[in-house]
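Here come two complexes built around chain A, the first alongside chain B, the second alongside chain C.
Up next is the complex of A and B:
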């Protein structure tokens, strides 16, 4: 035994080190992905027997208006969420100075990211509340009539996205602040001597050096946009009349809420969301893989 | 430095900047300040329509009311019960996986590494039905450990990415030297690598603490009542009961936000180091 161990220690060790983490990750993350795909071909209420119905859940999705509303909202989320990247960069540039107390200012700007999205959702509900909300009053003051953002199907999604952007911008800002901190000063000085200023400097000298920060900012923003669930659930519960649903929320509603336990149909929605996310994930992984193997 | 340091500009611009920063901060934190102010506003102020002015008195009794009339304290304890074991579990597992993936060369190394990375990006909903089912069949539905076990497994993905990259940046000569001396592999892990990982462990602890404390989705999927629900799920159900009692909603919100905020302020440097990993080459 011990001779065998001596000879093979280096080959076996990684697997022994990895065993507990790998087992947990397979059990709770990797295998469930395949189980979900499997469940999406069944009609199942979560308790009784599951009945194989082939692609019927997906066929039903094609004619489901609520599904298209959720899908459309997901696209809106994705597009508008990307604003967090330039907005975070702007705030980071604004704050990248060394006046006294700057460290405290920076951490206070970062605050929204530390707070739970549930709390962020409640804060913005208060902000938008009809008659007394700060935003409602501001709108009334500017336009003459207030709008109950969260009760109006034309604005509700935008209202929730604004709430989501608040912590997301803070996150991107901190990424860029770290990036700006590490920009090579000699290159900036050299460019300055060559007469580069403002936008030109930002575009040709600074942004190329911020590329790693931009990559992470884009990754976390895309993932954040597609994961949006908490804010929709807290602020509107999908309403009014389902107009603020996103796929993640609609899936939950179908599979687990008072509307009934349709696990198979919910799983089918989750598979669609997963497929959309895989498009992005494989892009990210491909880039990380390339960086990793080049080194 | 970019942008040009403000100290190189005229005195007037410097003053302008020093005024602009706090003003921008107040505008930025307006929703937070509004809620903080509402949380100490007496209910009578709200009834009289005093929503924005200074509170007529500081009503800390709002907080007392929240603790007396709701299971808020229980919710917060439940959150700790889920969060702390998750932090310990995920960090322990990822120290091991990170070490294995950073130190050893074997054929499936990169594939396994990217499996951890990719798994950590998937939407929660694709896991929901099977994980709920698994938790039910293990008899752990609606328990703190059922929720914590899932969190440990899921966070292991992100933590492995972090730990592996951290260990990879350590000088490999240390390990080679130990191997030449004939030190066993587990001793290399325990006596050489772990002591060097303290900054990574600190950074991940605060990050995982915050992520788990703030988790809402899994709390609603895997727990059902006040005896086990973490504070996020609890706050959501209280919000349903407290219709338009904004002084209570605000006080509850501030309470739920407090632990991660304190964590962030106490461990700021580690927190930001963890979050911005990979943002610079």
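Up next is the complex of A and C:
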């Protein structure tokens, strides 16, 4: 026993240290993934007997308008959420100066990320609220007639994304601020001697050095966009008539909400969402793998 | 420090006392979802019940109203109490079908409830058996602001045609004829139910919610045609507001009529309305000659199959169903007792009107989301909301509902 331990100690120790984490990961992430896939082949209300229906849930999904609305909204979320990356960068560059009181300004800009998404959602719903909302009154003043953003199926998703961008930009900003701290001053100095300034400096000198920060910012933004749930739930509950649903919310509605309890169908939506996420996640992992092996 | 020690002492003493008490008593665990006022009323009832049955200790475990709807699915299977609150009609069907509720027909038989609770009997019956006991219901109807009527110079209507023509005058006076808040969807289901009950009658409406009628049927379109008449006169941003926000519009006189349940009276009065300027009317007749049916959502108590003390639970159900208990609870809460031998406080005009409306009704519907299965209710109410915002989409909406019907009721 002890001879075996002596011989393999170096190989075993890391696994032993990782064992608690791996066990948790297996129990709470890996196994539920396969359970979800399994449930998605059943017709089950969570109470009675589950009935095997094969791929019927997926067949129904293909013909479900609400599913396509959610999917479309998820794509809009993904695309528009990416605005957080350049916007966060701009604010970070703007704040990366040495002026007295800068720490205060930085923390004020970071503030929206600290408060709960639920609070952000509530604030923006009041902002958009008909009759007394600031934005509603502004629209009324400018255009003559107010629009209740959250009650209009054309604008509702954009209204929620705007609310989501607010904390997300702050998050990206903080990532870039730490990244800017690590920008080598001698390179900036050298570039300046060579006559680089403005956009040239940003594009060819600063940004390449910020690549790790950009990578993380894109990853958290993609994941944030795909798992957007709390804002939809707080601000509209998926409405009006389901036009602001995203996949994660639709899954919750079908499987767990007051009018739902179609566990199988909800699981099928979760599997689709998982597949979409896997697409991005494997992309990221592949990139990380490539970067590490290149070095 | 002294206070802390004293508090700890009191707590220990209290704990000792409850264990001492429950040692000789049979425990009845009761899971419920009461708001503060109904909770106080139920605690008073429980105190009376315990006084009459000193050997029973009822332990009320109160949940948050919304959270309860999810919690019940867990505790029925995992840790069943002896009594649980729920709703009548199709809302209890999944639990009955899954064998989660105990058949209490014997209580109905022995206590003469088939007679006393006759108005609610149909909605408690599945497969010819009763699965719980109703303790309260409340009427729906049109609540209106008398000042708004005066401002627009119109009379309270008696027919649907008058109601619609009033709407034009309200709009001319800058008042929303009908207000509602559809953010949570359910308030507009009340409007649909009444239009459907008044256009095609109770039996047709029940067939529709039971999935026996195509949503693309001409008679469904007739209902929406009636609805279309008042749509231009309905509060514009209803999809963005909750029912309480719409109640504020009625209170402020910016809206004249509100199709609502009687529980809203408290909100109207908190907003400053009194019996002098708040009015109630039964939803007006649309198709002449159709017997008048009303909406009366019924709240109920059931015994879960996993209950440990079914004997005493049945005793409690019998007590809650009694005329005295129902009179006491409903007087305190301001709702209507389901036991017809109970009495209603005479000084509340809304309760009196509701009692009159329900007791003279031809039949009682529960509510769209209790008569129809949960999934159909959700799809349906979303369809209603889309129709209210975009009436031109009606055909597409009805096609979608028909597709859902084919799937849900198979």
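Convention: the second predicted complex is superposed on the first by the 274 of 295 C-alpha atoms of A that agree within 3 Å, B and C clash if a C-alpha of one lies under 4 Å from a C-alpha of the other, contacts with A are read in each partner's own complex, and residues count from 1 in each chain.
The rule is short, and it goes like this: a residue touches a chain if its C-beta (ideal position, glycine included) is under 8 Å from a C-beta of that chain, and two chains touch if they have at least 3 such contacts.
Just so it is clear, the structure is predicted and the values come from calculations on it, not from any experiment.
*Asks:* Thinking of the overlay built on chain A, is A:90 touched by chain B (first), by chain C (second), by both, or by neither?
*Replies:* The answer is neither, since A:90 touches no partner chain.
*Asks:* Touching A:116, do we find chain B (first), chain C (second), both, or neither?
*Replies:* A:116 sits against chain B, while chain C stays out of touch.
*Asks:* Should A:130 be classified as contacting the first partner (chain B), the second (chain C), both, or neither?
*Replies:* The second partner, chain C, only.
*Asks:* Under the stated touch criterion, which partner chain does A:293 make contact with: chain B (first), chain C (second), both, or neither?
*Replies:* It touches chain B, and chain C stays clear.
*Asks:* Is A:256 touching anything from chain B or chain C once the two structures are fitted on A? First, second, both or neither.
*Replies:* both
*Asks:* Answer with first, second, both or neither: which of chain B and chain C does A:218 touch in the superposed model?
*Replies:* neither
*Asks:* Just checking: does A:227 make contact with chain B only, chain C only, both, or neither of them? Give me first, second, both or neither.
*Replies:* In the superposition, A:227 contacts chain B only.
*Asks:* Which partner, chain B or chain C, touches the larger number of chain A residues?
*Replies:* B
*Asks:* Which parts of chain A are touched by chain B and by chain C alike?
*Replies:* Chain A residues touching both partners: 46, 129, 256.
*Asks:* In their shared complex, at which residues does chain A touch chain C?
*Replies:* On the chain A side, the touching residues are 45-48, 60, 65, 128-131, 148, 150-153, 236-237, 239-242, 253, 256, 258-262.
*Asks:* Mind listing the chain C positions that touch chain A in their complex?
*Replies:* It comes out as residues 66, 69-70, 73, 76-77, 94-95, 97-98, 100, 182-185, 236-241, 369, 374-375, 377-378, 382-383, 385-386, 389, 400, 407.
*Asks:* Along chain A, where are the residues that touch chain B in the complex?
*Replies:* Answer in residue numbers: 9-11, 13-15, 17-18, 20-22, 24-25, 27-33, 35-36, 39, 46, 93-99, 102, 105, 107-112, 114-120, 122-124, 126-127, 129, 132, 134, 137, 166, 171, 174-176, 178-183, 185, 188, 201-202, 205-206, 212-213, 216, 219, 223, 226-227, 229-230, 233-234, 247-248, 251-252, 255-256, 263, 266-267, 269-271, 273-274, 277, 280-281, 284-285, 288-289, 292-293.
*Asks:* In the complex, go through chain B and note every residue touching chain A.
*Replies:* Chain B reaches chain A through residues 1-3, 5-7, 14, 17-18, 21-22, 24-25, 28-32, 34-35, 38, 49, 51-52, 93-94, 96-97, 99-101, 103-104, 106, 109-110, 112, 114-119, 121-134, 149-150, 152-154, 156-157, 160, 184-186, 189, 210, 213-214, 216-217, 220-221, 232, 235-236, 239, 246, 249-250, 253, 256-257, 260-261, 263-265, 268, 272, 275-276, 278-281.
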